[in-house]
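For reference, the structures are reproduced in the following blocks.
Each of the two complexes below includes chain A, the first together with chain B, the second together with chain C.
Let's turn to the complex of A and B:
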C-alpha cells in the first residue's frame, strides 16, 4: 500500500515536471519551430476524432433525452422545460466531460502508444543524440494541438448531442423543435464553465499520456502497459478535474 | 470521385471485417461456455485480476461521479429552492445513466486495455501459437475466462459503485449545499429508483460483455511487435467506448419499450 502510494506520488511529481518543461519550451519559442508538427497533430487529433465524437456524443444525447422524458412523462406531462434544461446541462457538464473522456481514450492512448513504441525502438534516444529534446520535439506539438482541439471537439460535441436529443424528443414525443431549442436557461457562466473544463482536460491529457509513454520500459509488453496507464490516468484526471471545476464554478461563477 | 468511392468502400469493408470478426469471436466464446469448458484455475485468476485490481479506481470514480451530479443538480436546487428534488435528480442521473457509463469507461481503460495489451503481447511473441501447437484451444483457455470475469465483475462493480456514488453525493450535499446526510439518503429512498438501479445493472452487465469481446478481438488480431501492440490497445479502447455507447442506446431503448 505504501509502496503503491510512493510510486503514485513519484509519478505525479514527474508529470508536473513534464508540464513545467513543456511550458518552458513553449515560452522559449518552441511553437515557431514546430509549426508543421503542430498542424499535423491538429489534424491527427481533431479531424480524425470527428466521427468518433459524433457517434458517442450523438448517442449520449439521444439516450439522455429518451430516459429523462420517459421519467418526466410519469410525473408531469409538461415537456417545455426539458429542452432548455438539457441544453444547459450539455453545455455545462456532459458535453465537455464526455468529450474529454473520449479524447482521453482516443488521443491519450494514441500519444502513449506512439511515444512508447518510439522509446522501445530507441528513436527517442536517437533524438537525444541529435541534440533534439524529446519534450520540445514530441510533447510540445501534442500539448498545444490537444489543448486547441479539445475545445473545438467539445463545442462540436455539444452541438451534435443537442441535435440528436432534439430529434429524439421530436420522434418519440412530438416535442416541436421551437420548444426544444430555447436558450432561456443558458447563462454566460455555463458557457464559461464548459469552455474552461474543455481547455483544462485538453491540457492535462497530453502531459499525462506523454509521461506514461516516455517511461515505457521493455518491449511490446511495456508499450501495452504504458498505453493502459495513459488511458486510466488521463480518464481519471478528467473526472477529478470535472469535480474540482464544477465545485469552483458553482461557488464562484454563480 | 473514384477516390471518394474507394475510401467509402474501404471503410465499409474494414468495418464489416471488424464487426464480423467480433461476432464470430462471440460465437466461439459462447460455444466454449455452453457446456462450460474453460480452465478453472485460469478463470479464477481472471476473476481476481479483473475484479480486485480495478476495484480502487472504479470506486474512486463512482465517489466523484456522485459528487459531480449533486453539484450539478445543486444549481437548480439553489435557484428554485426545491431541496426535495436533489435526491431524485442525483440518484436518477447516477443510477440510470452516468454511473454505469463512467464506471464502464473506467473499467474499459483499466481492464479492457490491459487485456488487449496482454493478449497482444502473447500473440506477437507467438505464445498463442505455442498454445495451439500443444492442442490447447486459445478461445477456451484464454478468452472465455476473461469474458466470464469481465461480465460478472462489471455487474458487481456497478452494483457497488452506484452505492458509493450515493455516498459521495451525500457528503457533497452536506458540505456544498448544507443538506444533512440522512435527509439526502431519505430523499433517494423516497424517489423509488429501483427500476433505474436495475436498468443500470443490466447496462453494466452488457457493457462488460462488449468490453470483453472488443478487447479480446483487438488483442488476438495484434501484429507487428511493440508498435503493433500499442496500436491494438489504442484501437481497442476506442472501439470499446463506441461499443459502450451503442449497447447503452440499445438497452435503454429496449427497457423503454418493454
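Let's turn to the complex of A and C:
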C-alpha cells in the first residue's frame, strides 16, 4: 500500500515536471519550430474525436432533456425555462466535461500508445542521441494541439447537445424551438467557466498521457499497460479538475 | 577509455545490474555478451546517459560523467554514437534525411548541406543508391547499415552497437562485422558491441565480457573464452540448452 502510494506520488511529481518542461520549451520558442506538427496533430485529434463527440453529446442531450421534462411534468407543467436551464448547464458543465472525458479516452490513449511504442522501439532514445529532446519533439505539439482542439470540440459538443435536446423537447413535448433556444440564463461567467474547463482538460490530458507513454517499460505489453494508465489517469484528472474549476468559477466568476 | 565502476540498476523488483565493473581500452572492440535480459543494452545506455545508474560510476577518458545532466550528455552523445537494436530510423523521413538529422541537430548544418553530407556517409556503407527511399521500403539488413551511417555522421570516438548482426542474413552480417573492424583499424574508433552472434564475436572481438547474474562473469580475449573451463561460459558459447545457467524470468 505504501509502495503503491509512493509510486503514485513519484509519478505525479514527474508529470508536473513534464508540464514544466513543456512550458519551458514553448517559452523558448519551440512552437514556431513545431508549427507543422501542431497542425498535423490538430487535424488528427479533431478527426479522431469529432464523430465520437457528436454521438456521445447528442445522445446525452436527448436523454437528459427527456428525463428532465418527464420529471418537471409532474411538478410544474411549465416547460418555458427548460431550454435556457439546459443550455446553461451544457455550456458550464456537460459540454466541456463530457467532451473532456471523450478526449481523455480517444486522444489520451492515442498519445500514450504512440509515444509508448516509440519508447519500446528505442525511437525516443534515438531522438535523444540526435540531440533532439522528446519533450520538444513529441510533447509540445500534442500539448498545444490538444489544448486548442479541446476548446473547439467542447463548443461543438455544446451545439450538438443543445440541438439534440431541442429536437427531443419538440418531438415528445411539443416545446417550440423559440421557447427552447433562449439564452436568458446564460451569463458571461458561464461561458468563461466552460471555456476555462475545456482548456484545462485539453492541456492536462496530453501531459498525463505523454508521461504514461514515456514511462513505458518492456515490450508491446508495456504499451498496453501505459495506454490503460493514460486513459485512467487522464479521465480521473478531468473529473478532479471539474470539481476544482467548478468551485473556482462559482466563487470567482459566478 | 571507458570505465564502468560497480554499476547497479534496478527496475522495480528486478535488479538487472548488480555491480558491473568493466574497462574498455581506446581503439579496442569490446564485445558484451550474455542471455537476453542480462542487462547488456541497459549497461550500454548508461554510457550515453539514456539511463541513470542507481549507484556506481562511469568514467569517460578519466572524467566522471555519472551525474551529468541531459544538456551535458549531449556532448557525450556526440562522441559516443549508438546504433540501436531496432535500427530506429524515423519512418516519416527518407533514409538520407535520417542520416542528416544528427548533422542538423548536433552540428547545426542547413537542411540541404546536411543532405549532401548524408549521402557521403551512405556511400561508406554502400547505400548511396537508396537515399531517397523510406525505412519501411527496405529490408532489415539495409536499415541496419543506414543506422550505422547515421551513427558515423558525428565522427564519433566511441560507437555502441546494440546487436548489429541480429536478424540479418549471414552475408550482411559479415559486411557489418567488416565495417566495425574497419572503424577500429582505420579510424581508431573504440567500439562496444552487444551481441550474441557467436560467429561475429570470435571474428571481430578484441575483448569479450560476459554478463551473467548482473555481474561481469568473465572478461577476456576471444582465446581465453575459447579455452575457459567455466561451465557457464562453456554452455553459452556452445549453445547448449542443458547446463548450469539460470535464465532470467524462467524460475526453475
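By definition in this document, the second predicted complex is superposed on the first by the 252 of 254 C-alpha atoms of A that agree within 3 Å, B and C clash if a C-alpha of one lies under 4 Å from a C-alpha of the other, contacts with A are read in each partner's own complex, and residues count from 1 in each chain.
Criterion: a residue touches a chain if its C-beta (ideal position, glycine included) is under 8 Å from a C-beta of that chain, and two chains touch if they have at least 3 such contacts.
Computed from a predicted structure; not experimentally measured.
When the two complexes are overlaid on their common chain A, residue A:240 makes contact with chain B while staying clear of chain C.
Legend: residue contacts after superposition of the two complexes on their common chain; A:183 is shown touching neither chain B nor chain C. When both complexes are overlaid on chain A, the residue A:6 reaches neither chain B nor chain C. In the superposed pair of complexes, A:132 makes contact with chain C only, with no contact to chain B. Legend: residue contacts after superposition of the two complexes on their common chain; A:121 is shown touching both chain B and chain C.
In the superposed model, A:217 lies in contact with chain C only, and not with chain B. In the overlay built on the shared chain, the residue A:113 is in contact with chain B alone; chain C does not reach it. In the overlay built on the shared chain, the residue A:39 is in contact with neither chain B nor chain C.
More residues of chain A lie in contact with B than with the other chain of the pair chain B and chain C.
Of the two partner chains, neither chain B nor chain C is touched by A:171.
Shared contact residues on chain A (touching chain B in one structure, chain C in the other): 121.
By the touch criterion stated above, chain A contacts chain B in their complex at residues 52, 55-56, 59-60, 62-64, 66-67, 70-71, 85, 89, 92-93, 98, 101-102, 105-106, 109-110, 112-114, 116-117, 120-121, 219-225, 227-228, 231-232, 235-236, 239-240, 242-243, 246-247, 250-251, 254.
Touching chain C in their complex are the following residues of chain A: 121-123, 125-126, 128-133, 217. Of all the residues in chain B, the ones that touch chain A in their complex are 57, 60-61, 64-65, 67-68, 71-72, 74-76, 78, 92, 96-97, 101-102, 105-106, 108-110, 113-114, 116-118, 120-121, 124-125, 176, 225-231, 233-234, 237-238, 241-242, 245-246, 248-249, 252-253, 256. Those residues of chain C lying in contact with chain A across their complex are 11, 45, 48, 50, 70, 74, 77-78, 81-82, 84-86, 88, 90, 101-102, 105-106.
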